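One chain, chain A, links the two complexes that follow: it is found with chain B in the first and with chain C in the second.
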Partner chain A sequence: MAEKKTLTFALMDAPYENARTTTALRLIDAALRRGFNVNVFAYEGAIGIPSAKQAPHPNAVHGRDVIQEDHPNPKEWVAALIKEAEKLGGKLDWVQCGLCVDERGIGEWITGPRRGSPADFVKFIEDSDNTLVIPTK
Partner chain B sequence: MAKKILSIIESAYRATLEEQDDTVIWLMHAMRGAGADLTVVLRGNAVNYVTRGQDASGLAFGGRRQTNPPRIDDDVAKLAVKGVDVFVVEDDLAERGIEPSDVIEGVKLLPRSGIAQLFGSSDQVFHW
Partner chain C sequence: MAKYLLIESRDPFEVNDVRYYYDLAAALAKEGDVTLFLVQNGVLPARRCEPSRHLTVLAAAGVRVLADEFSLRERGIAAGRLAEGVAAAGLDVVIDQLAEGRKALWH
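Take a look at the complex of A and B:
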């Protein structure tokens, strides 16, 4: 069987800001389903995407309590993608830019992502078949 | 051999006071330090990064003064010193009334029509 190909994504947007975050996660999902290994370099606000302290809330405007609202936080999407990668025999390697983490004081995240640096991004680029940068605007 | 990476920077002055730099220019320095083979093109509003005489000093809230304001022109110049080819799109300079004589040393002028040639000589193209 041919060796899996690898794609790298660089993300910059914080969660809950715009559609680019969801689009990026959908692209990662599609890549995993199509048999790619995926690397993510979370830069700047994107380090908040897998933040452990995200919490769902009730929504009075919708008239639903927290259970009924069933609001998936982005950290759950990242966790689901990591699990999906494992199920498919692949890998999602998610690196959190360490200085960006320190600046924002968001040092706790779900199991899976790891702390790293731009050097990891360079290594990802060198070791990947292609890299897509999805910057903030 | 390292992949040739072309970084086109267009978003400008995003959080530069909070960061005391431009985060993508900063990333280029860090990537260069990690061995990346980089070429940088500044276009759109980011062409202002290479103009002489910028001064972002003076920010203060109450008694808390910013003592190290961003000096992005210096940061760009230092990229060139580190061996990164730095281009600025001259059409975008002209549209903003910036004369070539206003551009700092070490930066090369590039016609908009020349960007495509850089694509051809790069393994990766990132647009920031």
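Take a look at the complex of A and C:
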């Protein structure tokens, strides 16, 4: 059986700000479902995507409590992708840029992602079949 | 022959340099195999409208112009309203083309 191919995605957008984050997570999902291993290098604001302290909130304007609002948090999507990778026998290696983490003081994230550096991104590129950088504006 | 995957996420009604990206696709298509994949607000010109003529021209020049099905649905654009030369497609196309080693660029 041929070895699984690996794709790397570099994300830069902070969560809750741009559709690029949603598209990036959709791409990761699609890659896992097609049987690829996936590397993610979260750079700059993207290190906030799996942040552990994200919390759902009610919507007073629309009169909905926290359960009715069912506000999605990206950390849950990342957790679901990690679980999906395990279920499919694949691998999702998510690296949080340590420089970006320290700058922003966002050092707590869900189980799965690991701290790294831009050097990990270089290694990802070298070891992958292809890399897509999804930049901010 | 070089193969390219150009992903356009921006709306030409809002961002003028989208046209330069279309020009890049046309130039690359003279020597290579080019897919222009529209996503997010990048799909807005995929519906039949004045700017969609640029996409039709690109398709006639050999560029494979695809529009993300999910982004189309989000914006209420039915597949039957797409401009000539533009086809709806899933993100799987992006994954497959990345896997085959295409040079990929996001705008």
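Simple rule for what comes next: the second predicted complex is superposed on the first by the 137 of 137 C-alpha atoms of A that agree within 3 Å, B and C clash if a C-alpha of one lies under 4 Å from a C-alpha of the other, contacts with A are read in each partner's own complex, and residues count from 1 in each chain.
Definition applied: a residue touches a chain if its C-beta (ideal position, glycine included) is under 8 Å from a C-beta of that chain, and two chains touch if they have at least 3 such contacts.
Predicted, not measured: the structure shown is a model, and the values here were computed from it.
Once the two complexes are overlaid on the shared chain, A:A19 sits against chain C while remaining clear of chain B.
After overlaying the two complexes on the shared chain, residue contacts for A:V66 are found with neither chain B nor chain C. Once the two complexes are laid over each other on the shared chain, residue contacts for A:P135 go to chain B and to chain C alike.
By the touch criterion defined above, A:A80 lies against neither chain B nor chain C after alignment on the C-alpha atoms of chain A.
In the superposition on chain A, A:L27 makes contact with chain C only, not with chain B.
Contacts of A:L7 after superposition: chain C is touched, whereas chain B is not reached.
Of the two partner chains, chain B is the only one touched by A:A119; chain C is not. Residues 130-131, 133, 135 of chain A are contacted both by chain B in one complex and by chain C in the other. Per the touch definition, chain B reaches chain A in the complex via residues 2-3, 5, 11, 14-15, 19, 23-24, 27, 30-31, 33-36, 124, 126-128. Residues of chain A touching chain C in their complex: 5, 7, 19-20, 23, 26-27, 30-31, 34, 36, 129-135. Across the interface of their complex, chain B is touched by residues 10, 12, 43-44, 103, 117-119, 121-123, 125-126, 130-131, 133, 135-137 of chain A. In the complex of the two chains, the chain C residues touching chain A come out as 7, 9, 39-41, 70, 90-92, 94-96, 98-99, 101-102, 104, 106.
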